[in-house]
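For reference, the structure is listed below as structure tokens.
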Amino acid sequence: MAVITPRQRASWTTANFVVIALAMIPVLWLLSLSFKTPAAVLDPSFWPAQWTWGNYSGILTSSQFLRPLVNSIGIGIISTVIAVVLASMAAYAIARLRFPGKTVLIGMALLIAMFPLIALVTPLFTIERALGLFNTWPGLIIPYVAFGLPLGIYTLSAFFREIPWELEKAAKMDGATPFQAFIRVIAPLATPGMVTTAILVFLACWNDFLLAISFTSTIDSRTAPAAMQYFSGGSVFTVPTGPIAAAAVVITIPIIIFVLFFQRRIVAGLTSGAVKG
Amino acid sequence: MIDDGSGTVASARRARWRGMPRSLRGTAPPGRTRGPRWRLAIAAGSAVLAAAALSACGAASAGGPVTLNFYLYPDTSVATQTAVANCSKQSNGQYTISYQQLPQGSDGQRQQLVRRLAAHDGSIDIMGLDVTWEAEFAQAGWIEPWTGSYLAQAQADTIKPALETAMWNGKLYAVPDNTNTQLLWYRSDLVPTPPATWSEMIADAEQLAKAGKPHYIEIQGAQYEGATVWFNTMVNSAGGSILNANATSPTLGAPAVQALSIMKQLASSPAADPSLSVQMENQNRLAMEAGTAAFELNYPFVYPAMKADNPQLFKSFKWAPYPSVTAGVPAKVTIGGIDLAVSGYSKHQNLAFQAALCLRDAQNQLTAANVGGVPPTIASLYNNPALFANYPFHADILQALQNASVRPKAPVYQVVSIDISHLISPPRGIDPTGTVASMAGQITNALQSKGLVP
Amino acid sequence: MSTTTQAVPGTEAVGPSKKKVKPQLTEGQRAERRLGLLLCAPAVVVMIAVTAYPVGYAIFLSLERYNLALPQATKFIGFGNYGAVLSSPYWWHALLVTVIITVFSVAITLVLGMLLAMVLHRTPFGRGTVRTASLIPYGIVTVAAAYSWQYAWTPGQGYLSSIFNNSAPLTSQTEAIIVIIIAEIWKTTPFMGLLLLAGLSLVPEDLQKAARVDGASGWQRFTRITLPLMKPAILVALLFRTLDSFRIFDNIFILTSGNNGTGAVSNLGYDNLFSALNLGIGSTISILIFICVAIIAVIFILGFGTAAPGSDLGKR
């Protein structure tokens, strides 16, 4: 590694600091708001004049928020696992195999990814009610999987395309069936891609607001972003800034931890796919 | 929902691997096979099914008392829980009321209810409706009319305008639970005698501005329902109305022009808070508590809030009736509040009527008034000393309520309200005659279900 | 499962010189097709089951006059809704707002993303921290971030409110749109940065070194070597970012509710669907949004030559 001059060190430190500051300031603001008392919310200073844990104790002792948090995590994980499994299979087929209807499949995935969700909410709601899925975990998991599949298929087909054909051919020459070739040779190499896809799909489910608020009615299946809509202040007119900020921080913390552990994977995953020359 | 596409694209023809070492071919790759993943998927699938089964189990009915689902905004006070517990007990085992929360915002509440009622959801029994929703819900058949003895009980001792909000096509579709109306709140240290009309109030404020004292007039000017409420109050106080009696066309006219002139006058005077066009009830309250304002037109929730947040200022925090438009003619303040309705798809309508009547009886309304800060709809409560401690302004409220105006009643009220609020907010953009003309045109379209909402 | 017979090398259509030989399918090819269809089946089934009826129903609704509050007045009116929407100033205004937000936020995100990619690529220390910090805007729930911005810009309450002289930027159209664009840029730069980083990391160091030896300046190296080699990555990043930005909803919903002329087309659709309960008009707006998005995709793929995923099989 080349020697870094003090001047270079200074400029890289500045660059790093700028990136970190710009990324974190709005998050720090939320943090600061979450510690402000209702009176301190009034003053525009960045840090609270009066600190309180009240907002956090309020939401963390209330099942009205804890249960939605659990729902978010559970629904997110289950949807991600199912979506990645299904997407892997389909992406492998797209990237590797020849079969009719491939363009149709890709077109359908594109259509689903591009169609405005707002128009689909009402008919989907009607179906879910008819099937008894309203306000249940599967009621959110199934749409999340369906809407996460296009994303998953694209990402994974890019990764699968990356893996050289020779490996599979060699495995087949050694007598493996396509299935065995997939499991023993391809899948391990596609793991970074699968992890990346899993992360992307999980974040999309975690983030969703419209479906969460439309397909749930009680904390049985309501997720965290929707739960924030149910916080109330001292009166019908008071906006509970403190609790909302505290809730926003709480639903961000898992993401921060997540990113902290997986940042290598995320970046490695996205950069292992090379660009088409 | 999927708000980020991924998209690294395919392989480079350059970055070709030279193949895996022979030693690795055909052997199990270190530590990773598809096996665990498949098992995980099956486990996940079972978990899903189990969760679904469990949630279905929870809903299975026992042989005991009927559960009535009561949907209301989230009440942070114990008033609702107390009422629910009381009424479940008083039913003598016939029913238990289950309090289900709706989102905090009024729009969110309506969307939840509408979505489920339009799908004929039978799991809603009693709902707390905002006073503007009855026409819409009744026209669509989502709520049941009150008849017979239930009707008589609902009407007894209830404040007339509150009852009026729940009427549609001559029938009563809900029973008023709580109500709300605005008063003029002012700083007695700045203004010894409160103004009686809008012109006086604006003049007072301008004088205070010249003297360099706090002088803002706080009112809700954001582009939302609160602005429509303000406009409705002004038009009715000027002697007019927004819609005609059977909601077939807009009336507006000269009273509307007068109302808009006053609103415009406020917006262009130094008395207007610079944030007027973004303010809702809460921001008005905060500005008053911060000491920058001299007058405030707001609901009584500001009184206990000021007491708690700024005890110093609270000493000179007084109230008066809402200023009138024409001297000598009292203002007709728009009435708000919540009415309880029975769902048209409820499986226990009889019990639901009884439960609703209990939930809003005098005792429960008194608790809600004292603990929850929402004024009652039963007239005799305003003479009940138990109310006076928390409502020193009870006489002014009762007077305002009895002379109140309601918002226009039409199934398409939401659209009408959006059209109005978008025309009058920000208030500095009002042009009295021009705005009235646009408003009349848009409301006409809305009543015929034509055109878009902004 | 039957094992495929050993394919004689050369009969499979491998390699760049494949021709469309198609008289007869070999056993191997048939097995391949079966496997392909089988692997795709579950994903296809889920996608169709969930979206076929809603998409079809949405299209059907757009041809009807249907107001949830007035169910008795439902009527089939063909393209009447489309006429109403396309002749309404609200639609064109929302479209203009959407285009403005899209153009500005994507352009600025591209520049900032490139800068971020370079920092991530080259910084000699603290890489983990910088990466984590820069991924947080991407990971944070959009609604939570929007609340953060909303409170920040509220006069008298937020640390940013004094920038616009306490004039309530969220209620003035131009200022509110600027605030919305800032919120969008903050949220999406990390993802753009990562996509660009993928492209950046493939630019060979040797080319850069050779150019430096030849005396090229940093800027020349950037514009003559890096950018051209990154072009495919840039195009893909632009495509997906533009598609998503066009459908912006959450940020506007929380920040301004679309008031004061700041609503994008998705907000317009939402208001008409859920506030006005006008399913006919709301569905029409949604279909029109979809058509616009499709046009954007077509322009990128056919016009700029962006590689659409799945458009080729890569090397075989």
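All chains are identified by letter, namely A, B and C, in their written order; residue positions are counted from 1 within each chain.
Here, contacts are C-beta pairs under 8 Å (C-beta built on N, C-alpha and C of every residue); 3 or more make two chains touch, one makes a residue touch a chain.
On a predicted model such as this, the values are computed, not experimentally measured, just so you know.
Undergrad: Sort out for me whether A-C or B-C is joined by the greater number of C-beta contact pairs.
TA: A-C
Undergrad: Based on the averaged CA atom positions, which chain is farthest from chain C?
TA: Computed centres place B farthest from chain C.
Undergrad: From the C-alpha centre of chain A to that of chain B, how far is it in Å?
TA: 33
Undergrad: Determine the centre-to-centre distance between chain B and chain C, using the mean Cα coordinates as centres, and give it in whole Å.
TA: Centre-to-centre distance between chain B and chain C: 35 Å.
Undergrad: Mind checking the centre-to-centre distance between chain A and chain C? Centres are C-alpha means, answer in whole Å.
TA: Computed from C-alpha means, the inter-chain centre distance equals 15 Å.
Undergrad: Could you list the positions in chain A whose residues touch two or more of the other chains?
TA: Only 42, 122, 147, 150, 154, 158, 161, 164, 203, 207, 209-210, 270, 273-277 qualify.
Undergrad: Do you know which chain B residues sit against two or more other chains?
TA: Answer for chain B, listing residues that touch two or more other chains: 3-13, 15, 286, 290.
Undergrad: What residues in chain C touch two or more of the other chains?
TA: 138, 142, 156-157, 195, 198, 202, 232-233, 243, 247, 250, 274, 307, 309, 314-315
Undergrad: Applying the document's contact rule, which stretches of chain C touch chain A when the two form their complex?
TA: Listed in rising order, the residues are 1, 3-4, 6, 14, 29, 31-37, 39-40, 42-44, 46-51, 53-55, 57-58, 61, 116, 119-120, 122-126, 128-145, 147-149, 151-152, 156-159, 161-162, 186, 190, 194-195, 197-199, 201-202, 229-230, 232-233, 243, 247, 249-250, 266, 269-270, 273-274, 279, 282-283, 286-287, 289-290, 293-294, 297, 307-310, 313-316.
Undergrad: How about chain C: which of its residues touch chain B in the complex?
TA: The contact residues of chain C facing chain B are 65, 67-71, 73, 84-85, 88, 90-91, 138, 142, 154-157, 166-168, 170-171, 188, 191, 195, 198, 202, 232-233, 236-237, 239-241, 243-244, 247, 250, 257-260, 263, 268, 271-272, 274-278, 281, 285, 307, 309, 312, 314-315.
Undergrad: So in the complex, the part of chain B that touches chain A is made up of which residues?
TA: Counting only chain B, the residues touching chain A are 1-17, 19-20, 25-30, 32-34, 37-38, 40-41, 44-45, 47-48, 51-52, 55-56, 58, 73-76, 100-105, 108, 112, 115-116, 119, 121, 280-282, 285-286, 289-290, 299, 301, 305, 309, 373-374.
Undergrad: What does chain A use to touch chain C in their complex?
TA: Touch residues, chain A against chain C: 1, 4, 8-9, 12-13, 15-16, 19-20, 22-24, 26-27, 29-30, 33, 41-46, 86-87, 89-90, 92-95, 97-103, 105-106, 108-112, 114-116, 118-124, 127, 142-143, 145-147, 149-150, 153-154, 157-158, 161, 164-165, 172-173, 175, 177-179, 203, 206-207, 209-210, 224-225, 228, 241, 244-245, 247-249, 251-252, 255-256, 258-260, 263-264, 266-267, 270-271, 273-277.
Undergrad: Residues of chain B touching chain C in their complex?
TA: 3-13, 15, 107, 111, 114, 118, 136, 139-141, 222-224, 274-275, 277-278, 283, 286-287, 290, 411-412, 414-415, 418, 422, 425-426, 449-454
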